[in-house]
Structures are given as structure tokens and as C-alpha cells.
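Presented below are the structures under discussion, each in the form of C-alpha cells.
Heads up, the next two complexes both have chain A, just with different partners, chain B and then chain C.
The block that comes next holds the complex of A and B.
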């Protein structure tokens, strides 16, 4: 291949251009949607540590197992005791395990975006055909899917177990479907919040702590306030039961709890067991969807200009 | 044992730029919640005790402790800049001790001080509740800072493991398995608070002598072992 072209016309000049066989790419160009899909699947695999080191597989896999084991135990108990119903509703399961879900979001959201920021790989992504919206959508969808896998797997365990235990098919299917809708909403909401917080800081440790603080402390504050409002309304004859529902709007977990107890037939985990009425429930749905949309918008704004 | 330059650098790493604001948001939330509760429920000793015990001591102190304790050394090890610090003629144990002092100070300022203010807002220090929980937060700050500083030198996922300990072990297992409560910084701190309050408002599952011994033991051992880890630190690449 190495053909030499003499370029110098003057005698005595030894300058040459050597053709050492570089060839231009003439295969198919896979384009923007392919790149977005690749980014999505890479991020989704990365959220469970697949394709990364053994050490980074430990935590997501551990949390996944911790999510599923109680469901398996419940099924085993239900089958052994020939119970008529599962010990826990499908919709209630994610609320009970919210600490594990929060930990998962907190550990994987910074993993997904903070490292790109810290090692300044984001400008490299944007040098490919993908655009800001593609990057944000791929990351958002990947984390939401990872969360959905985490939260829907135990529900599937419960459902299969319930069918094996020959519980009522129609009843269980309805509960399972309601549970799936609820965890899908929860996945979108948590993924959005987690990514927005994590994309602000390039430092992974700080991102983890910030996500946990937002998810856990808001839940702690809200449930404390609700408990106090509940105790007060017992004192004056149910006067401020509306306050419980209003306070519940201020933390992601109680938000999901409110939505599912208003529309998805769940029994509320609020103190006193009184969920929001359907009017307040509509507000819950609006706030939830609004938060998801707002976190998407904030992410778009965050990545409009990155690096450089 | 205390190196002012290392201390200054650590303070800047913890509180520099906008981090002090983010760290300050949690105490602000606690104080805001206390104001709302005072307005909603009036001054009530049981409510004050529940709020300070549930929100301040059980959630806020550990989270601030995790941020300050691991933040004092974790990022430096993470990005490898700790080698410049280690190559200076400063003893490793001095570095750890200085960072511990800074982490304790930050945790105390951002958790014990707001606990005190929140306690006064909630019931004006009735039955010594505000003081008792402030003492508990101060004691817990020391133990948490030492524990999480050690985690920061041991693992790259220190923040996650710290949070797992604080939220899953202390909160979840602590409420289900009574044996887990013996091995929880929160309960040790509560034992000290119980002594201060003297009433039935603040209770702990651990006796005071056990708690003090365990607190001192954990703090000293964690600091010593962190110093040992720093002596033979291997820098790994990003996974």
C-alpha cells in the first residue's frame, strides 16, 4: 500500500507524504436513534453493574435481592398457611421497602451521570450525532427502567406465588396491575428526582448523600407532621384530617402513597389510614406528573451547555 | 497532633463553594418543621421528644455525619490528590486526627446546634428535652464522625455503606430486632441523653456505663484503624 508520492520538485528536498493505508469509513452510518438506544442499554446495564467491575455489581445486586426476599418469604408463608390473601397488598409493598428503593436511587443516579461530568465525557457524547434531548431521555429512561425492574420484580414474585397458592385469579390480577401502575409512577418520579440532584454535582459521594437526604428527610419530616396532625385531629374531633392529605404532598413517597390510595385501590399508609379524597387525589396525580415533567425540564436545562 | 493547614484544607473541601449551603438546608428544614409543629400543636413535651428523637437524632445527625465524615477524606482518596498530602512530612495519624476534629466540628455545628434551637422552639426546653437531645447529638457527632471517617479510608463506596448503617441498621433493624439496638450509636447517645433529662421522656435500651464505654471504644478504635489504613493506602483507579 505504501506508495510514495514525490511532492518536492526542487532537487535536494527529501519531503514526502507517505500513504500508510488509512481508509475512510464507508460502512452504514447507524445514526442518532441507534446511538441513543446504545446509551440507554449501556446505562441500564450499568445501573445493575453489568459490564462494570465486580465491586460495583455488589451493591445493586444486593439491593435487588433485599427487595425480592421479603416477597418470597410472604409467598412461602401464604402457601404454607393456605391463607386466603397475601399478607401485603401489591401497592403497599413499595411503600414498605421505600428505604431500599431510596438507597438504590441514591447509589445509581450519581453513578449514571456524575462520572460523565467528572471525567468530562459529556462533551464527547455530544460530539456524536446525539443531542441534549437524546442524552437526557436515554439516561432518564434507563434509570426509570432499572427502578421499574427493581420494584416490579418482587410484585411478580408475589403474583406468581399467589397464583401457585390458588388465590382468586381475577382479584390477584387486578391487584397486580394496580401495583404495576403505581411502581411505574414511582420509578419515573424517583428517577427524575435522583438524576436532577445527581447531575448538579460531579462528586459522586456528595450526590448520593444529597439524593438520600431529599428522599428520606422529606419523608421523615412529612410523616412526623402527619402523625402530629393526626393526634391533633383526634383531640378536636377530626377537624384537621384534611391537613394530613395536604402535608403528604411534600415528600415523594407519600405522594405515590396518596395517588395509589385515591385511584388504585390501595389502603393508605398515612397515619389514621385515611388517604386523600378523589379531589385531593387528582391534585396528587397532578403534582406527581408535574414533578416528573419538571425534572425532565431541569435536566434539559442542565445539559444545554455542559463542559468546555 | 493537630495540623492547622490540613484542617484549613479539610474545612474548605467540606464547606467550600456552595456545599455549606446544601449542608445548611437540612438544619433549616428541621427548624422550619419545628416552627410548623409549634404552630400546629402548641408546646407539648411528648411531641417535642418525638420530633427531636425521630427526625433530628435518628435521621439528621447520621446523614450530616456521613457527609462530613466521609467528605473529609473520601473525595481526596477518590481523585488521588491525597498523595500530595501524604507526601508531606506530616504524620498519617496527625492527618487522620485533624480530619476527625474537623468532621466532628462540622457535624456538631450542623446537627447539634439546630437540634438545640429546634428544641427551644418546640417546648422551650421543658423537662430539659432540648438540652438532653443536644447532648445526645453532640455525643453522637463524635462517634459518627470517627466511624464514617474510617469508612472513608476503607471503601470507595463509603457514603452508601454509611447510609446503609444509619438508615437500614439503626432505623429498620433497630425497630425490629431489639438486639440490634445495643450496637447502635443512636442508642448510646440516647443513654447519655437519658441521664441528662432524668425523666421518662428520653429512654434508651442501653445502660449508661455500657454506652459510654462503647462510645469511647468505637471512637478511639475507628480513629486508630483509620490511621493504620492511611499508612498503607493503595490508590486504585476508577472502576
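The block that comes next holds the complex of A and C.
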């Protein structure tokens, strides 16, 4: 070339423009399980709006705060009044806050799966090493973990507060552990139901409405029926307390309530305060685990058809 | 790169692929077919996502029926449809897809920055994808298919929805994927015209059957039609006619270009035999002192190839060429 360009040859000037060109990648490819874990962590972060727009952080963060504030207040009261026990059992807390948890599931389950369906990102996932089962597992685990964080955090606040208030250590630890088992079960159950409902529709609005309907309305209906059964049983001398337990099988919240009052030493929130007997309790556990397994199975079926 | 052997895919009511046997080597290969010809079905099978009813296929020497995962690790895929969530930035999305292909976090970020630069996305890559133009979205889709440095990419209708400039840029980019990046490409389209300029090899399928598989040079030799438009001058008030007569005198037959379209009367069509035809046209126009407004290759519609092969290539009649005018340009 005859023309010479005055390139960056001035002394002291380190600035140069390099045209690197295309560089190929020879590094490691970590494969399917790593990809599944990546999808899990991305979905878990997404469930709290991390890595997404500011707007999508608002609701999950707000709900998280709403979950924790009552616990903090209870702890403050317990410490200030030098109470001998916390005002609320560990196992009871999630049942009281069920509306907030349902709202969280309703907002985040569609966010997790309906978005992928609506914007057709699913085919991109399946054009990569992961399989249907990996996708379902990652999404299920991510939402269940997000729910566990949401429900276990206030329990942790209560526990730490109880220790600060110098309540009995063994007692509190046992209660805390029972509470954790209960919310773990609740997280799995709610995540499963929420995802199954949300995966049916690519429309987020429908998903939100359907999840709220299933979780909250079923709880309302079951509680009402239980209250009626309770009133009638009082009328004829406690004959139909069995009916209360049977009705409780039909909503996710009362299901968890039944399991924990039968096996985790919780006081039941059922009308009359009578939880299911241990025989009925076994049925509660079976139904709960069955529902979790069924959700997983349905999700697998749902996504087997979603190819490219 | 790809080899299929009497590959068939039957659905309850349709046969999507019918005993398709085709060999695709390295380079840029075009897969041409009308809508519903079985292009997407073929890609699905080659990615190991959908089992073939019959026959076998290999990608990069790996059997699609058993080694789907290994194939998908080394192959990139750009779908035809929209696949981008609007509320994340291109960088974030492509990093995530890189990790989904198994790249460690640091490598995923580096490769994303590189790849987005190569497809021509700069500052805008930090903005949410929802605000992108169609052309930019296509680039993001291409970037996610290339980010893990595959050996082969499947591009499903990458020029869909692009304007002519965007189309040319995309085709240039596809060419570079092979020449600069060293990645082989299988690109589908229903327009043969745009593929014959980009690809080394073209495979045409129709109704799930292989219609033709040959290198692009073989194609263009038989199908190139040249369109010419000239100005009028005082010496030659009808420049078009003057050129037609002059070409005729030199032994080149001009096809009837009227085709019933407005303005088509000013366009001359002739069959290019090679470089000498271009030279001849240039000389003729210059001798007459006319201005050459356009001299371009007509884009061929896929149907033309179908009618050609059905009737035998020697009988390509004027009627078909007229049809080509209607579809061309």
C-alpha cells in the first residue's frame, strides 16, 4: 500500500485499535447438568426479579417484606413484654400468611413458565443439551426454593428473636425445625400446583387469576364448609368432626394444616381446633405427596409436546 | 456435516419427509422449499428432538437418534419465529443462552460480548430487547445461535421480515459465519434467489422429497436471467428498442419482458451465458450512447425450479419466464 496512515505511533500513547477478528472457543463445555443448574439459578433469581427490570422486582420484594414484618413485630413484642412464648407457633405462621404466599405463587409461577411459552423461548432451551425433564426439574426446584425462602425467612426471624428473648432453646429449636419441614412441604405443593396451572396458558394474566382461584378460593370454600360442619356437629353433639377432616383434603392450605397438626405438633387452624387423627393424617400426607408427584408428572407431559 | 438416509417422518395425516437421502458437506448450504415442504421438520430431526419414523440421520458424525445431546452441544439453532423475551437486555439473554450451552460464567460473558459485536450490535445491547427493530432482533437470535462457537448452525428463515437492505446485510453475515468464523451453515429459505448468492450448495425439497441437490454454480448457469433498463436519448428516442435490436444483431435473443406489468416494457430480459453476456450488454449500451439504469440478476422464485424440473429443463418456455418476471424483483 502506498498510503501510510499516521497510526498510534506517538510516544507514550498506548491506545491502539486492534481488529481481533473471530476467536473460536476451545474452553470446557460443562454439559447438561451444568446447564440445568444455570437454568435453576436464573429462574430462582428471576422469581425475585433479580436480573430483570426494576418493575418486576417490586412485587416479589414487597411480598417478601410483607411476609417478614409481622414476624419482626411479634419478636419485638415478645422481647419487650418478656413473654414466655412467641405469640404464634412456627407451624402456624405460614397458615396465617397464606394469602400472601398465594399471591406470590400467583405472580411468580406465570412469570417463570408462561413467559417462556409466550415469547417462545422454550424451543431455544430444547435446542441445547438439556432435555424436557431437566427443564421441568429446574423450574420446579427454582419456584419451590423461592417459596421456601419466602416462607422460611420469617420463621428464621421468629427463631432468632426467640433466642434473643432468651426463650427455651430446645423448645424453640424443635418448633423451628417442625416449621421448616412444614413450609418445605408447602413450598413443594404450592410450586407444583402453581406451575401446572401457569404452564397451561401463555397468557400471564390468565395464569395469575387461575392460581389465585385455585389456592385462595379453594381455601375460602373449604374453610366455610368446615365451619358449617363444625356448627352442625356442635348441634348434634360432636358427631361429624370427621367431616371437617375430610373436607380439609380439598384445599392446599388446609392440606398442609392437616399434615402438620397430625405429625408436626401444630395446633390445627380447623374450626374447633381439632385436626385430623393420625390415621386421617396419614391420608393427608399421602394426598400432599401425591399432588406434588402429580404436578411433576403433568408438567413432564405438558412439556413433552413443546418441541420446536 | 449432515447425512440422511431415506429419512421419513409421518404424522397421522401428513407425510412431512419422504425417504429423504441427502449429504451436506462443510460450507454454507441452502435448504430451499415452499412453506410446509418439510424444512423445519428436518431441522427438528437433525437436532435430535423428534424421532424419525424411518431411516437414519447423522450430524457431525453423530447419530441423531442416540446422540441428540452431544449434537445439540456442538450445533447452534436460530428459529424462524420470535423467541426473545422483551424485558431483558440482549447481553443478559445471550449470556444466559451461552450458559445453557454449557459455557462457564466468565467464558459466557466474554463470548457474548464478542458474538454481539460480530453480528453488529454495539451500545444497544444493554437495552431491553423489547425496544429493538426486527433487524436487531434477528441479530440477537443469530448471536444466541453462535455464542457457544458451534461447528454447525441451523438458521431457519433468517431473512424473514427484513427489508432489502437488512436482508443483504443478513446474507453477508451468513457468508461471514463460514468464511471468517469457520462455522458451517445450513440455512433455510423459500427464496432460491437470495440463497444462490450466499450458499455453496443448495438442497431443494418439496413435499418432503428431495428435488435437487447441487452446488450453486450449477444452478446459476441454467437459471440466471439478466434484467436491463436503459435511458432514452435524442438519437434513440426508444432506447429499449434500440438495445433490443442491437443485441439481436449480435445474436443474443431478448426475452419478452412486458409481462403485463406497468413499466415492464422498459425492462429487457435476457439469459446470461456467463461473463461475456455482461460485457456484451455494456459494450452495446455504450456504443449506442445510452445510460444504463440497471443491470441485475432476477431473483428466481422457487416455483420456477419446480416447474423446470417437472417439465425437464430443456423446455423452459417463455410462459414460465413471464411468470418469473411477475415474481422477480
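In the analysis below, the second predicted complex is superposed on the first by the 281 of 308 C-alpha atoms of A that agree within 3 Å, B and C clash if a C-alpha of one lies under 4 Å from a C-alpha of the other, contacts with A are read in each partner's own complex, and residues count from 1 in each chain.
Just so we're on the same page, a residue touches a chain if its C-beta (ideal position, glycine included) is under 8 Å from a C-beta of that chain, and two chains touch if they have at least 3 such contacts.
Here the structure is a predicted model, which is why all the values come from computation and not from measurement.
Once chain A of one complex is fitted onto chain A of the other, the partner contacts of A:221 are limited to chain B, with no touch recorded for chain C.
Of the two partner chains placed around the shared chain by superposition, chain B and chain C are both touched by A:56. Contact with chain B, but none with chain C, is seen for A:103 once the two complexes are overlaid on the shared chain. Contacts of A:144 after superposition: neither chain B nor chain C is touched. By the touch criterion defined above, A:209 lies against chain B but remains apart from chain C after alignment on the C-alpha atoms of chain A. In the superposition on chain A, A:39 contacts chain C only, with no contact to chain B.
When the shared chain is aligned, chain B comes close enough to touch A:229, but chain C does not.
Of the two partner chains placed around the shared chain by superposition, neither chain B nor chain C is touched by A:71. Using the contact criterion defined above for the overlaid structures, shared-chain residue A:115 touches chain B and also reaches chain C.
When the two complexes are laid over each other on chain A, chain A has residues 52-53, 56, 115, 119 in contact with both chain B and chain C. Within the complex formed with chain C, the residues of chain A that make contact are 20-25, 27-32, 34-35, 38-39, 42, 51-53, 56, 115-116, 119-121, 123-131, 307-308. Across the interface of their complex, chain A is touched by residues 19, 22, 25-26, 29-30, 33, 36-37, 40-41, 47, 50-51, 54-55, 58-60, 63, 66-67, 70-71, 74-75, 78, 156-160, 163-164, 167-168, 171-172, 238-239 of chain B. Interface of chain A with chain B (complex): residues 52-53, 55-56, 59, 99-100, 102-103, 106-107, 115, 119, 203-206, 208-210, 212-213, 216-217, 220-221, 224-225, 227-229, 231-232, 240, 243.
For chain C in complex with chain A, the residues that touch the partner chain are 40, 43-44, 47, 49-50, 69, 72-73, 75, 77, 79, 81-88, 92, 96-97, 99-104, 107, 111, 114, 118, 128, 144, 148-149, 180-182.
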